[in-house]
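All chains are identified by letter, namely A, B, C, D and E, in their written order; residue positions are counted from 1 within each chain.
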Amino acid sequence: GNGGGSSGGGTLVGLVTKTDTNPFFVKMKEGAQQAASSSGVTVQSFAGKQDGDNQSQVDAIENLIASGAKGILITPSDSKAIVPSVDKARAAGLLVIALDTQLEPASAADATFATDNYKAGLLIGQWAKSKFAKENKQAKIALLDLNPNQVSVDVQRDQGFLEGFGVDVKDKNRIGDEADPRIVGHDVTDGAPEGGRTAMENLLQKDPGINLVYTINEPAAAGAYEALKAAGKEKDVVIVSVDGGCPGVQNVKAGVIGATSQQYPLKMAQLGVEAVAKFAKDGSKPQNTDTGVTLVTDQPADGVESKDSAWGLQNCWG
Amino acid sequence: MTTPVLQARGLVKRYGKVTALAGSDLELLPGEILAVIGDNGAGKSSLIKALSGAVIPDEGEIFLDGDPVTFSTPIDARRAGIETVHQSLAVSPSLDIAANLFLGRERRRRGVLGSVFRMLDRNGMREEARRQLDALGIMTIQNPGQAVETLSGGQRQAVAVARAAAFGSRVVIMDEPTAALGVRESRAVLDLILQVRDRGLPVILISHNMPHVFEVADRIHIQRLGRRKAVVDPKSVSMSDAVAIMTGAMEPPAA
Amino acid sequence: MTTPVLQARGLVKRYGKVTALAGSDLELLPGEILAVIGDNGAGKSSLIKALSGAVIPDEGEIFLDGDPVTFSTPIDARRAGIETVHQSLAVSPSLDIAANLFLGRERRRRGVLGSVFRMLDRNGMREEARRQLDALGIMTIQNPGQAVETLSGGQRQAVAVARAAAFGSRVVIMDEPTAALGVRESRAVLDLILQVRDRGLPVILISHNMPHVFEVADRIHIQRLGRRKAVVDPKSVSMSDAVAIMTGAMEPPAA
Amino acid sequence: MTAVVEERDRSLLTRVQHVLHAQATIGPAVVLLASVIVFALLSERFLTPGNISLILQQVAVVGTLAVGQTIVILTAGIDLSCGAIMVLTSIVMAKVAAETGMPGLPALLLGFVVGTLCGLLNGVLVTRLKLPPFIVTLGTLNVFFALNLWYSGSATIRGTDMPSLLLWTGQTLNIGGTRITYGSILLVLLVGAMAFVLKNTAWGRHVYSTGDDLEASRLSGIRTARVLLSVYATAGLIYAVAAWTLIGRIASASPQAGQMDNLDSITAVVIGGTSLFGGRGAIVGSLLGALIVGVFRNGLALAGVDVLWQTMAVGVLIIVAVSLDQWIRKVKP
Amino acid sequence: MTAVVEERDRSLLTRVQHVLHAQATIGPAVVLLASVIVFALLSERFLTPGNISLILQQVAVVGTLAVGQTIVILTAGIDLSCGAIMVLTSIVMAKVAAETGMPGLPALLLGFVVGTLCGLLNGVLVTRLKLPPFIVTLGTLNVFFALNLWYSGSATIRGTDMPSLLLWTGQTLNIGGTRITYGSILLVLLVGAMAFVLKNTAWGRHVYSTGDDLEASRLSGIRTARVLLSVYATAGLIYAVAAWTLIGRIASASPQAGQMDNLDSITAVVIGGTSLFGGRGAIVGSLLGALIVGVFRNGLALAGVDVLWQTMAVGVLIIVAVSLDQWIRKVKP
């Protein structure tokens, strides 16, 4: 072994995430680090500079191959465009596991440890549908997406939510082509609170009657809530989100978010690191694993399985 | 009457509220040195800028050998054989002296290197530059490969003057070419102006230096408040009278 | 012997391979006009830049009233009462004339507006600027609120000269102050220089214009190849001899 | 015939141009007015007091950054690190208060100090190493951003964990039925104060002069290095104020915020008519510039335009607004 | 005593400075060499032929963009839209081929035409509207990016759906046991050709002269508008070549790619010693600049340094490299 990175037990595991600012990926990194010390391997992490930064991920994979890594865990920024690089890594004898987001095709990775983002959207959509049906309210929906680029997570969560709510989404791979009159509009948030707030404000101006807000993640939801609060509408509007981070679940508990689909980045990363450690020892390859998604809400709805925020807080990731 | 080589009639140029040229005329006769004198701001530079295509006048006409012409860029004027030394010098500081001399009319190498690869004939241009500078007597410049930004103000002016003298084929215009020059360098420029005239080329010389003007000029154009106030003969008008006309203290003699 | 107001001994300034000053001396006596003449590139500007804190010499000493001083910024020299008109003019194009005159020594309003809110006394400065320009006889400048970038080269030079004349308290240095000026404006500057001297302030004047130099100078410092070649008395040396010494054609007379 | 009409048209245009030119920041003001009118016609919701207040809130952060960015650009500089400084200071303020229980005021002041120091670092690098500001801030952008991630551990700090002073900028004041946030008011005050200082103090003149011609200013006896240092440090302080406004706006401090704000603040400044070459421009223009972009985003969203075309519209807007401003300025005598 | 020693030290340093200054691009070359040595000491994997070839591949895209960026910066411009042009052209090449079955060569040429047209648009706006290039390309950046998203429908096009010519740049050539991609070779050829043109043709001189002093060049009889147009159009063409390299490198065409490449290419150019004020610099320097950043990222990764600190290191690197380069240039007579 040489250098600081590859000293721990000789087995190097690479973790390549989309960004290093989103807390979701930061937690993933922490999970990998924890698992590394218990499995006796070393983890080196890389990230793109922003959502969609495919080139940095390509560079990272190559550098990991050059560093003699045994395996790579990757959350692809562009799940199609990264495939050739993944092929190269596998050809060089590395184990490649897709975390959180599938590759296209999924078979390009040795295994996928992921949540079904579509399902995450579907759950909050179903929950909202059931809630609105029970209260016999007509929904007016605002969708706060990630960015104009239509990246896969963004599309899957958004379209999952709409299908769960019973909206005809037309092209399932496209945000915003729906014709349903209940939809007030889409806007983008960059997955951050400031963007969430601005987008919410603008959509509220467009139609003050909005009563259901889908958000790409919980930071965006927090921003949207501030906009609603400023407009005095926080009591009348239901926000749903995806992620299940601790601040997000606390917001569920506080009534800011109605329901969120919790995902498990720590678990994905831990399983991933362990799988690579095992592969390094005996060459066995792991199976695809759905690390699961759980609907977290304090207002359970009929026909949609969910856990409450107390459970959510025990299982949240940061 | 001989046709003027270069003639301007009723040139007007306004900059916002300032009128730099208020209907100015000019005539440059074949083979003469025409000095243009005037107070600061009288519109001398604006006048020759219009003649050299550097600005487009708002009104008025320009004639070359009697034919009306319009110069919309400095290149047009240059094509017509008019070379100008501007007051602001117009040199490229980071390029070397030779490159500046040949700027915009670079020479290419002979053969395929030049025609296909469009390679410059660096050495040829350097040697030619050396010759031009020597002719001007600019001894302090040692190396035509030196960047112009490393030259003193006077040295830069010498480069600009050398360029105009070398390439002018019909008219040479110099806007205060000796302003920053030393005594010896000024002498060299005046000699050069006379040489150019002797080559048959007419010269327009703008200068605030009356002894210089009276020494070389064949006729003196006096510019005042954006107009041609008078044209006088240096042999029949005294220096102080010319200055008096220029400053408005005296009316020009009836021509 | 009287102590020189400003004295330089053995100043050396190198720019890379170029030696602009090769051990230059200078003495400015109380109440005199000292002209500095020399070829282009002789190191005149470099010499006065060192005296005005604009460049820091590599070697050599500067004395003010006999005491050694070091100027590391132009402000140091200004504090010591030395005002300079640089060849490059050093004006701020986008600011107006009044602002340029008072640049770096703005006047504040009286009372709290000035002391607490640090408000400038715009009107006061404008009026004072008007007075200074009138004193110089720069008639073509109509409005001290005009931006300097809209002035002609000569008008700009007038602004820089007015500034130095107005604020110099010990020494006024002018590097080619009349280079771009018209006849009348040059006259005004020369008169101003004489006025400044009559106020008791010594002046260093760099100029290539020998008639001007011989008209106003009390002594002439001849700079050659980065060194002081001689100091001559304009009353006892002819113009052509001075030029001959300057260009190296003649040895200076034994002082 | 046509020629005559054209001539008359042109002179009318020229007259309009002259009238517009009478005031300095009239260019951006005209663009703002025109876009307000267009959007008001497109949607009746646009010109409601609530929506106006909203736009003010939405531009508060970028507008505040633009104030600092303007003084930097006036010195012929540029600050690519403004967003990174803002995020770093917001995290410092919030995290120190949330973790050590420091009260609001010292936490806020600490943030101001950090912002000023970051700006000062930029200034020192610009003046001592004599590097172009673009390069310095391109470098420190990365440094501040890394520090931010390291110090925050990429974790968001929730508003509920902070002292209320840090969130004050998000509170609203009722002015004649319209609710304005203190953050927006802070921005207006800041613009007013900076406009006063630039116009009426020696320091303001020296800022313009330094940007106009550095060497000439130095020779004129201006301590240009000191002016530059003070400009970058002041800009850093203003970014820290922007951090305060940001915390109030999102009721939390997020290490992800502000990454796009560098270019956004520069966009506001250039649309506002300040020259990237330094020495020319005004703070009020930058506020108008920020408002123009805010009005566009809000108005296009109200009109139901897809985000994709919003991106494109902002691109076109930049070019059109600056062209118009330059056309108006051309009258300059 | 100490004073004497100091004197001697200083003169040694000065002598080093003089030696370094003899060659124009020696500054970046020294930085590159130093970083290679340091990283080779830190990790024995660093100096293997495989890793060297890797770094070459990794800098191929940014390096190619930097060639176009350099000629723009030499004219005192800047191109913020280079990444957007590259992505747009890569999508056009790939999508046209994949969807209409157009063969590789015409698809590639179509991409080249699109890139050239995008560059030409920048050039037209810069020369006709007389807007600062920063503003023009800030605007067109948004426009091109929106067009890219619209045309691609945000969908990635797989390499398997493309003609092999588009992927050719990702193929490798075995040179003495080291496998070099054609993309890297293309970059080296491009750098050589452009360096030749800049140094040895009239056009090259006019590019330098225009960047040096636009008005002086115009008065000297250079058609500066035409020079600028040709520079922006050529840069657009070079970005299209970068698009080709990009497709080969990731074996697909992704509408998400290239968003950070604007600043990365500018970083390479400035580290390479080209002045942002125009008129001074060299293409080879930009290649070295791109390599320096590539070596740093790769070397730090091999040394196991966390991305966070890689970000910071790149920030510090920019400042240090440019300072060093300026120090070396100071000798200039």
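Operating definition for what follows: contacts are C-beta pairs under 8 Å (C-beta built on N, C-alpha and C of every residue); 3 or more make two chains touch, one makes a residue touch a chain.
Being a predicted model, the structure only gives us computed values, none of them experimental.
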| item | value |
| --- | --- |
| Touching groups left behind when chain A is ignored (all other chains fixed) | one piece |
| Contacts common to chain C and chain E (chain labels) | B, D |
| Set of chains adjacent to chain A and to chain D | E |
| Far-end chain from chain B, centres as C-alpha averages | A |
| Distance-maximising chain from chain E - centres being C-alpha averages | C |
| Centroid spacing, where centroids are CA-atom means, of chain B and chain E in whole angstrom | 42 |
| Cα-centroid distance, chain A relative to chain E, in whole angstrom | 34 |
| Averaged-CA centre spacing for the pair chain C and chain B, given as whole angstrom | 29 |
| Per-residue multi-chain contacts in chain E, two or more chains | 146, 149, 308, 332-333 |
| Sites on chain A at which at least two other chains make contact | 20, 50, 148 |
| Where chain B touches two or more other chains, by residue | 15, 18, 150 |
| Residue ranges of chain E in contact with chain D within the complex | 125, 129-132, 134-136, 138-143, 145-147, 149-150, 263, 266-267, 270, 275-277, 308-309, 311-312, 314-319, 322-323, 326 |
| In the complex with chain A, residue positions of chain D that touch it | 43, 45-46, 48, 50-51, 54, 57-58, 61, 149, 153-156, 158, 170, 172, 179, 246, 249-252, 254-260, 297-298, 301-302, 304, 306-308, 311 |
| Touching residues (chain side chain B, partner chain E) in the complex | 54, 73-75, 78, 84, 86, 88-95, 99-100, 103-106, 108, 117-120, 150 |
| Chain B partner contacts - residues on chain E that touch it in the complex | 196, 200-203, 205-206, 208-209, 212-213, 215-223, 279-280, 332-333 |
| Residues of chain B touching chain C in the complex | 15, 18, 37-42, 45, 87, 140, 150-155, 158, 176, 179-186, 208-211, 243, 246-247 |
